[in-house]
Structures are given as structure tokens and as C-alpha cells.
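Below you'll find a set of structures to go through.
In the two assemblies presented below, chain A is common to both, partnered first by chain B and then by chain C.
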Partner chain A sequence: MFAYYLRLATKSIRRNPYLSLLMMLAIALGIGACMTTITVNYIMSSNPIPHKSDDLYYVQLDSWDPYSPFREPNEPPDQLTWRDATNLMEAKRAHRQTAMATSGAVVEPADQDINPFMASLRLNFSDFFPMFDTPFLYGSGWGSEDDNDPAYVVVISKDVNDRVFGGENSVGRTLTVAGKPFRVVGVLDTWIVVPRFYDVTTNAFQDTADIFMPFYMKRELELPNSGNTNCWKSPEGEGFTAFLQSECINFQMWVELPSDGERAAYLDFMNSYVEQQKALGRFERPLNNRLSDVMTWLENQQVVADDAQIMLWVALLFLLVCILNTIGLLLSKFSQRSSDVALRRAIGASRSAIFAQYLTETALIGVAGGIAGLGLTLLGLEGIKLLYGDFVSNLVALDIPLVIAAILLSVLASMLAGCYPAWRATLIAPASQLKTQ
Partner chain B sequence: MLSMTNLSKVFRTELVETHALRDFSLHVDEGEFVSVTGPSGSGKTTFLNIAGLLETYTSGDYTLDGQNVFTLNDRQRSRLRNEKIGFIFQSFNLIPDLNLYDNVDVPLRYRGMTAGDRHQRICDSLEQVGLANRMKHLPAQLSGGQQQRVAIARALAGDPRFLLADEPTGNLDSQMAASVMGLLQDINQQGTTIVMVTHDPELARQTQRNVYVKDGRVCDEAAPVQLATVNE
Partner chain C sequence: MTHNWETGPILRAMSRNKVGALLIALQIAITMTIIINAIFIIVERSALMGRESGVDEANTFYLTSTGFGSAFNASSVIDEDLRRLRGTPGVVDAVQINAIPISGGGWSMSLKTETGADIDGIGTANYFVDEHGVDALDLQVIAGENFTASDVRLRGRNQSDWPPVAMITRALAENLFPDTNYADVVGKTVYIGNDEPVTVTGIIDKLQAPWIGWDRLEHAMLTPEKMDFSSTRYLIRTEPGQRDRLMAEVETALADAYPNRIIRDVDTLTATRERSYRRHSAMITILTAVMVLLCTITALGIVGLTSFNVSRRRKQIGTRRALGATKPAIIRYFMLENLMICTLGIVLGSALTVGLNMALVQWFNQTALDWFYIPAGIGVLILIGQLAVLGPALRAAQTPPALATRTV
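What follows is the complex of A and B.
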């Protein structure tokens, strides 16, 4: 019967093309608004590294003010001090580990025709690249021997390679960064991580850095701080070294712990480290260290912004309004078909058969509305990109699950809209209609 | 075939009660061709709607083909209508955007028959009413008489045992009416029981028995010739 109902639905839509188009547009508008916000929320909250998100842990130590937590109710700081980051790194207690910081520096291309430019820097350890599965176009990351006594080596992004070296294999060539010559050891391929889980302390939807270099270059070159820096007490003294020795937090740290045993052992290690520091007069707060896997960390940092969630609710309300409009249009359409219903009832259609016939018609309208809604979703996503700029450009993509979700949502919405009018149609008394033809 | 005993039908609103049928009793045997006549508002159509299970009744007994219909639910009533009853209406009630083939197909769809069986029945019934060569035409492309023939074909396609006709010639000129009436008589001679509501005494005379209804009651059951005298 479903094929028959589909045929009848097609005929009915052709019979009232403008009314059907209006309903389809109402659904499409609602779906477009909903799917735009759902897409943004979905991508914001998706798992950026699903195959190992349970093995990667963000490290937090509660080194904060003894009299008030970093964030209520009792959250430890979301970054580490230089002292703690380097101490934990030197202990080498994890399978893989990297402390990180961001900075910026001027790049001076050797080619005089290319102007110097400001580049974003990420300072990290060699484990960063295998931990986060960074894709390489040429070369690789630097070796661990280049970490502690930092070698003048860099990994550059594809954009920088295109800009400075014309896209050629630049491994082994020299790049001047912050006035110092660095040897290029690797060129990253396009690396889009949404959200950029490994560093959400500034903006989880920014691009990856232009240049990656050994972490200790921070101290070697006295590179300026970038990103969020928070202090619960002022550094004792002035200058770069005083900052590094202070209780100010500006450094992130990730460890890779493939088993529960390693995770428990690492947490024990963190706690014993804090106990040692307490003995030295630091860490006056109660023990409050955390190891958070990727998804827990993203949730903790509320990567899905509140306004995105509010937008989602507004869009759902808009969809509801569109559904109500569609209900009105369907009631009008179906009321014109009372003679058809009466006849079908008279010659053998049960109420459920009539209900199924009309619901199929609304579902077909829903499919059409869903397809049109996908077009509107793409427009909506482009609109968000225009409104908020490049930093959300990684969000404006529809994938297969979202396309399927849009169609399903549309069909569901239209069927929801169709239930009441279809039910009303089943209540038509055949006798009264048949005589008045 | 059809047996109504002391049937009553009351339409109630907040202000008024209307007794459309009162103590209505009628028995129609298998294979009969019965006409129902009476003045406007006498209850003919209400009777026909109840007989066709399109309306429920307030009290009394109604059995159709030995089955008491009072306790049937919507699905059972629909199935009974679909399998045992054929309807012919004054205004044909064809679906305008379906061609003749698809119009005749409608009741068969609800019976869940295979495509092959449906095709055979549609072709046979359109053949029977002389419209097999026009099955792809839309109703609007036919004359009134031809449209009524399609409606008859639709009623026959389900091979019903019981045909209910409500003023089947009311919208036709005399020539077409005679043709449709001839067709109904042929169908009756093949064994189908027919109950026809009509205003036309001439048509009533062509049936085996006439039932005269007035004020919701059967006033007289007589052979058509005798009825004509009563009416006059």
C-alpha cells in the first residue's frame, strides 16, 4: 500500500502545487534554521580524535590561591606553571607527554621578494606529533634528543611552506624565526582539528599554529607569552626568568596513557609530586589534581558555547512555529479533499488507511522540505561564516550523518505536522459528503 | 441478505432531536432488486447509509448477510463494505484526477489483492459496462452516463453481493437513465442483490419490489405496479 499512497501523494501535490510548495518552504525554513545550529553544535561537540581520545589526558594540578579556587566550585587551574610543566616533563612518567605554550614571532623569508610576516608559534615536545597524529606532507617531527637542549629546528604548516618555499619540499632548508635560523625538519599537511582539543584555553576553533618548535625555545629565546596567562600572586621580581619561576599559569600539558594501570600510576605520581611541592611551601590547597580524557576536557572547558546552545533552542522554537504553520496549511488542504476521503471510506478504506495515506503525503512533503532545508542550511552556515569570520570556517561543513539527520528531522517534523490534519480527515462522515457532491 | 428490524435513527443536537428512522423494518432477500421511494426527508438516504454501514443506528437490529453489524468496529465495517457492498451514487463520485482504470482500482487496493488479480477485475468490469477502450481517460472526458457506468464498474469490480444505489439516474437524461437502468437489471440477473433509492416511479416499476418510506417508516411494501397506484 505504501507505493500506492506515494502515488496518491504525488498526484495530490501536483493538484495543489502552490499550497504544497508553501508547506515545503515552511518546513525547509525550519529545517534550515535548525540544521544550521545543530551542525555548529554537533561539530563543536564532536570527538576530534575518536581512535585515541580515551588514551590522551590533560593534566591539571591545583597550584592556585589557597583561599579561593581557580573556578567555582573547586576547579583546579586549566593550565600549569612553567615550573610544574617542566618538572613533570623531566620526570618522564607517561608513555608519551608534551607540555605546550603558544607564542608569536616574525618570520623572515630568505627570498627578498617575500615580506616578513608575523607567525603564530606552538612550543611543544617531540611527542606532540605522534600523540596527536599530525599529518606530514614532508619530513617529520624532531627527535626527543632535540627537546631538552633545544635544537633550532621547526615544523611548519602547509600554509607557511606554500608562502615561504612555494610549496616545495623545504625539509633541510633554513627559516629565520625571531631573528634566529631554524632548520625545517617537517612540513605539516592540512591539519584541521575541530575543536582544536589540544589547546582550548584561548579559542577551540582557531587554526593550528604556523610554526612548531621545541618547548624550551621559550626560555632560550625568551619568547613572549601568548594565550591566557593567569596569576594568583605577582611574580617575585621582574623579567622573563621571574615569570618562569612564578605561580603564573600559561602552559598546557597532555600525556598519553594507553591503559587504566598507567593512568592510575600517573595520577599517583601527580599526587606525590604535589606532596613534594607542599613540603617546599607550594600547593597550599587540598589535593585536587585531575587527569581528563579528551571529551571530558572539552566538556569541562564548555567548548560548546552557551550562545550556540541558545541559538539551537531558538531554532527549535522556529521549527515549531513552522510546524504549526504547516498544520494550518494541511488542514486547509485536507479539508478540500473531504469528498475524496468520504468516497474512499465508503468503498472500503478504514480510518487507519486514510490516516496512512495522508501521513505519507506529509512525509513526502517533508522529504522535499528536508532537501530544500539542506540548501538553506548551507546558506545559513555560509552566513555564520560571514558573520563570525574565518575562525568558524572549520564549522561550516555538512557531513553524511548531518544530511541524513536533516532529512529525518524534516520527515519527522512534517509527519508531526500531518498527524492532526490526517486524524481530522479520518473523522469525516462519509454519508454527509457523498450526498452533497 | 439484508434484515432490519425496528431500526431507529435519531440525530441529536443540543436543542433538537430528529427521528430520521422509526421502527424501520425491511427484509431483502438474496438476488432481489428492490427500489425505495418516498418524499424528500422521508429517511430514504438515512436508510441507505445505514444499510451501507456508512452510518450507525440508534436502536433495533440490522443483520447483513447473517452478520449483526452493531458490534463491528471501524476496521470490520470497512472490510464488510469493501468485500460485500457496492455503492452507486447520484453524482458518480469519481476521483477527478484518476483515470478510469485507477478509479475502478480504488476498492481493490483496500482489499490487498495482487496486481495481476486487480488488473483482471478492472478490465472485466470496465468491459462489462462497455468502457474497456477508454480506461486511460479521465472522468471529465466522459459524458454523465459514461461516468455513471464507470461508477458501476467500480462497484462491480469488488464482486459485491449487495449493490446500493442512491438515485443512480438522478443526474442523467432519460436515454442515459434507461441505459444505466438496463445495466443494473443485467447485474441483478447475474445474482447481485440491489437496493435502489429513487424518486422516479417509472424506475421503481422496473424493480421487483418497491418499498415506500414516509416519516422514517416503511409505509408500504408492494409490487411496483401496485405502488404506482398508491402514489397516485
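What follows is the complex of A and C.
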């Protein structure tokens, strides 16, 4: 029966090629617009580390200006001071923990033919690598014994390894960074995290760092600050130590807490730490500390851009217009063929058979529109890439669930559009139209 | 008169095909909602993009020089570089600077007119320049004096205090001292970072901060400083038409002059503007495309449905023609019918437009719609509707009167 409906449907589509094409185009455009914006929103808000996003927590302490919150309404600062980051690290109260900072330094390859270059640095603790499941191509992260009295060791990105060591296994080799010789202990494989959840204080859709080194190298080598440095109070005194002892925030911290009990205990520890600091005359604001898991933190930092959401809503309305349009066109198309229906009804077709046949026809238009819509989506994503430049290139890719969603959405949209006209067609009385012939 | 316009028969005919009319009205309503809000967003974003940085953007480029190795003497290399840059033919002026306007990265501080922890500060961007800053950035000193070479002090890498004098933009002066004429702000003392006094010695016409999304974008403060940093930026202003040639030349000249450094991020201010405002220009392009497509789809929908109505009513039209209706009367009938459907859509659309705008204000920090966008949008939609209906209406008018006699 279905095959018969399908044959009738293709015949009917061929009979009104322009009208059918117009409907397909409307569906395709609506689907294209929706899927483009859905893809952008979906990837922006996707879970970058699904298997442990509930175990990783971002640490926030409200060390800000007693007279005004970091951000309205009473949001704690998005980063930590050096003092607090190092104090929390030394307490070692979590299952795993890492404070982090970003910086930059010149890399001088030993090979004179390779030009020195500027590399982005991430300063972190040894737990960083197991916490965030960093993929290693060669070697591994450094051990915890290299953290506190920082050893001159680095983990380098695949790009840096290709550039300096020609892609060979460079574990054990020496790399000059910031004028100092470092021993390579690990080489990361291509590591794309979208969004780059572990540090969203700068652009969350940027690449990961070129070089990772122990956190305390910040103090050892007096490395400059990258990312955002915010101070509500100027550092007291001069020099690098004054900055480290100041109320300026430039450091981030993550802890891994696999159970609810540990999570509650860690929050208690944070609060008692702040109480202790209050006794020293710091932290004049009311207690306002926070532990946020990965997805909560991404939401708090509004990683999904407002513009992307506005576009999504506009696209959904656009699809609605396309559906209304299709309903109108289907109504006119079906009513032109009311004599067909009357004839079929007269020779015994049931109402539900008529309904099924017309719905098959609209579903067919929907599938065609959906496939064309997928093409338009790819075009749309290319357009987004072109408009927004390289920094979103990690963002725009279609995956299988999205392709399936696109087809389903278009079939659903077209069937939704087809229901009313098909139902109207079933109301045609068997004999009424035959009379005028 | 009413009788001649045939509103009665049109309404009665429409009531027999309520769904078709309603579908078009709904389409028009949603289309109107989207295009009015989209145009409003586009106009707003265009206004943002139209703001001037105050710098001679077309003829300015900048680069970063990062020295390495223990032998690198930043201070002397900087002096030598600036001498070389300023002596290059085609260069108007060059300056060492800590941040580039509208680039997205920079330095800001809070200024107060009185000391004290509980007094609210006013944020400003900070630029460190020497006495060539005014010329290189293409600024006008509209009150007071530019820095002299003797004002310029050396700032160490981790030094956090401030020189005793500064120039500020007119906008900053007016916000700091709202009751004073900006020219009289010269000579006044402001406090930076809570309690460090700085005397304002000059007012400049206009210079934007590095962050285009900041509500204090027009606030900038120049302090006379040479930065003793091994990684530093130079901003170079060239004579018209010389920029691209000089970018390449300067990059090689600086790299050759001192090999123990990296010259990087050589970029123009035009490219920087494009990058900073890319989000907005992309939004404008996307919304424009959506608007055009939406209007096309709606128009095609109207064409389709009217054509259908025309073919369904061929007999009726033929009869009317046979009874003496003129061709213009037939055309007017369909145009008027469309106008009536449009009116329904517009009433609905006006409510939806305001509703969507309220939602955008509530959730996305957009601003409230100006009232005149609604009549403008109504005009556009009526025009689209009438144009779309014209084709089918003209075809309807061609229906021969004899048709009525033939088929009945």
C-alpha cells in the first residue's frame, strides 16, 4: 500500500512541478536556517568532557572589593589571586587539583635553521593532565614531585613538536623556553576541546596552549601575565612579588571531587579558609564562595553567545513561516485535485486511505526538502565560518546526530504542514466533484 | 462609496476560505515581527560600527617586538628602533605604546576626583606614550599642552606607580567633572588606583579604549612613559597610500637591525577594526539574508495562494466580467482583498513585534524598539503584499467574459 501511495505521490509532484519545487524550497530554506543555527548553538553548548563533567569543579572565592561586587548581582570573581590559588593548592584537600595561569615566552630551537618563535604557555600542576584526560602522543605529564620546587620540565603540543623536532619523539630532549633549558617530558596529541572549558576567561573557542609547564615557574622565571588581570586595589609595593601578594586576580583553579560528600567537604574547606583569611583582614565581603561543575560553569560564563541564541530564535520563526507557507500551498494544490479524491472515494477508498496518501506525498516533499536543507546547512556553516573567521572553525561541523535531526525535523515540519490540507481533502464527498465533470 | 469598493463581497468570499486568508495573515504577522526586529538590530549594530576610534585608522599599523637572550637591552633597542622608524621616509610618526585602541587587549584603571575607599571610581583605558603619541595617534590637544620629552619617565616591567602628569580625553574629563567646562579640567588633580595623585595637563579630542563592548569606550588616559619591557609594541602612522609598502619594509628593517628578537603581530588598524567588529558585521549580514529570504518566501506564498484563488474563481470572474465589471475592477478586487488580509496580519504582527522586542530586551540586553520602526515595517509589508498579488490579479483580469457562458 505504501509503495502505491509513494507512486501516486511522485506522480502528483510531477504534475505540479513548480508548486512542488516551491514547497521543497520553502522547507529546505527553513531547515537550512534552523540547522545552521542549531549546529552553532549545539556545539557551543556541548559538553566537552561528558564522562567526568560532574566531577570537575571550578573554584571561586569572593575576594573582591568590599564596596562593590565583581559582577552584578553579587557574582564572585571569575579568577583567584596568587595567594589564594597557592594556599588552596598547598592544602591539597581535593582528590585532584590544579591551579592554572597563562603566559607567553620565546622558544629558541637548538637548530639554528628554525626561527625562534613566541609560544603560549599554560602554567599548571601535574594533576592537570589526568584531570582533563589530555591525549599524549609521546611520554606523559610530569610527576607531582616536580610541582612545588618546580622542575624545568615541559609538555609540548603536537604543533610545537612538529615545528621544533620535526615530529619525532622528543621526550628527554631539551627545549629553550624564556631563555632557560627545559626537558621535554611529554608531547600532546592533537587536543581539541570545544568549548575550551578549562579556561573560558579568555576566548573559549581558542586552541589549547603550545607549552605546559609547572605552575610555580610563574614565580621562578617572573613570567608575564596573559589573559585577564583584574585588580580592585593596586599592588602594595614594587616588583613581581608585590603583584603575587596583591589582590589582583589572574589565576584559575579546578578540583576533581568524585562524590557529593567530597564536594560538600571541599566547600566547607573553602569557607573555613575564607574565615581564616578574614581574620587576617582580607575578604571583607560576605561569604560567597562557589564550586561549579563544568556545565554550570560554562553556563555561568555565558559561553553560548547571545547573538547565536537570537539567531536560533529568528531561524525557528523563519521555519514557522516556511511551514505556514507550505500549508497554504498544499491546500491549494490538494483542492485542485478534489475530483481525483472524489473519484477514489466513489470507487471505495476510505478516508484514512486518502489521508495516508496525501501525508505520504507531503512526507516525500519533506524528505526532499530536508536533503536540500542539509546542503543549505553546509552552505550556511561555511558562510558562518567566512563571516566569523578562523576562530570559530572548530565550531562548525555537522555530525551524524545533527544530520538525522535535520532530516527528522524536515519530515516532521512537512507532515505537520500536510496534516490539515490532507484532512481537508478527506472531507470531499464522493459524488460532489464527479457531477461537474 | 463603500459599495464601489466591494468590501462586503470580499469579506463574504474570504469567509468561505478562512484558512487560506488566515495562513497569509499569520505569515505576514511573523514576517513583520522578524523584519522589524532584525532591521532594528541591524541599525543598532551599524551605529556601533560607525563609531570612530580617533586614530588615523586608514594609515596606521602596529607590530610587536619581543627580545630574548640575556644580552638584550630593551631600553637601548627601543630608542634605536624609534629613531629608525621616525627617520623612515613615508612615516608620519611612530610611538611605543602599551595597547592598541579597539584591539580588544589593554590596560585600564579607575580614576577618582577625591581619595577614599567608598568613593566610586570612573574607569578609563590607559595608554603609555611619549611626546610623539599625539602625532602618531592623530590626536588633537584641545586644551592644555602635549607632553614634552622631559615628562617621559622609564617604567619598569613590574612597576605599578604612575607619573605625575597625564592627558585625558574630553569625554573622560566631562564625566569626571560634570560641572566643569572640559578646558578647565586642565590643572586639576585626579586620583588613580585609589590614592595616587596625577595632574591633568592636557585634554585630547577623542581616543577610544581597546574594548569596543565597554560602556566607557570613550575614556582614555595618556601617561608619558617609556616602557622598559623586552616585549613591546610600536604604532606607526604613515603618509596616505604608504602603509602597506612600509609594513613589509619596517618588519624586515627591524628584524635585520637586531637579530635577537621576534617581530610579530604586524597588523593594520583597519584589519583590527574588522576583527573587533566582526561579530556585529556577521550579525548584520545574517539578518539581512534572513530578511530577504523571508520576504521572498512570504511573497511567493501570496502569489501561490492568490493564483489558486484566481483559478478557483475563474467562473465567478468571468460572470462578473460578462455582467460589466471592468478589468481594473477585477484587479482592484484582488488588491483590496490582499490589503484586508494584510491589515489583519499587521494588527497581529504589531503585537508580536512588540512582544519579541520585549523578550529580546528581557533576555538578551537589547534596547527597546523605537516606535517609528512599526509604521515603516507596516509600509514595507503592504508593499510586498500588493506587489505579490499584482501578477495573479492581472491574470485574473484577463479572464474572458465568455467563460461564464461557456461552462455554465
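Worth a mention:
To be clear about the criterion, the second predicted complex is superposed on the first by the 420 of 437 C-alpha atoms of A that agree within 3 Å, B and C clash if a C-alpha of one lies under 4 Å from a C-alpha of the other, contacts with A are read in each partner's own complex, and residues count from 1 in each chain.
Rule of thumb we're sticking to: a contact is a pair of C-beta atoms (placed from the backbone, for glycine too) under 8 Å apart; a residue touches a chain by one contact, two chains touch by 3 or more.
This one's a predicted model, so the numbers in the text were calculated from it and none came from an experiment.
When the shared chain is aligned, no partner comes close enough to touch A:Q301: not chain B, not chain C. Taking chain B and chain C in turn and counting the residues of chain A each one touches, the greater count comes from C.
Of the two partner chains placed by the overlay, neither chain B nor chain C lies in contact with A:Q245.
When the shared chain is aligned, chain C comes close enough to touch A:L29, but chain B does not. By the touch criterion defined above, A:Q336 reaches chain C but does not reach chain B. By the touch criterion stated above, A:V106 is placed in contact with chain C alone, chain B being left untouched. In the superposition on chain A, contact is made by A:R15 with chain B only, not with chain C. Of the two partner chains placed by superposition, only chain B is touched by A:R345; chain C is not. In the superposition on chain A, A:V314 contacts chain C only, with no contact to chain B.
Only residues 19-20, 23-24, 26-27, 30-31, 33-34, 37-38, 41, 66, 68-70, 117-118, 120, 156-161, 193-194, 196, 231, 262, 264, 275, 278-279, 281-283, 285-287, 290, 293-294, 297-298, 300-301, 304-305, 307-309, 311-312, 360, 363-366 of chain C touch chain A when the two sit together in their complex. Every residue of chain B that touches chain A in the complex is listed here, in rising order: 45, 49, 52, 54-55, 74-75, 78-79, 81-83, 87, 89-93, 95, 97-98, 106-107, 109-112, 154-155, 158, 166. Only residues 1, 4, 11, 14-15, 339-340, 342-353, 429-431, 434-435, 437 of chain A touch chain B when the two sit together in their complex. Remark: chain A residues 19, 22, 26, 29, 33, 66-68, 104, 106, 108, 115-118, 178-179, 222, 224, 233-235, 238-240, 242-243, 305-307, 309-311, 314-315, 317-318, 320-322, 324-325, 327-329, 331-332, 335-336, 383-384, 387-389, 420, 424 touch chain C in the complex.
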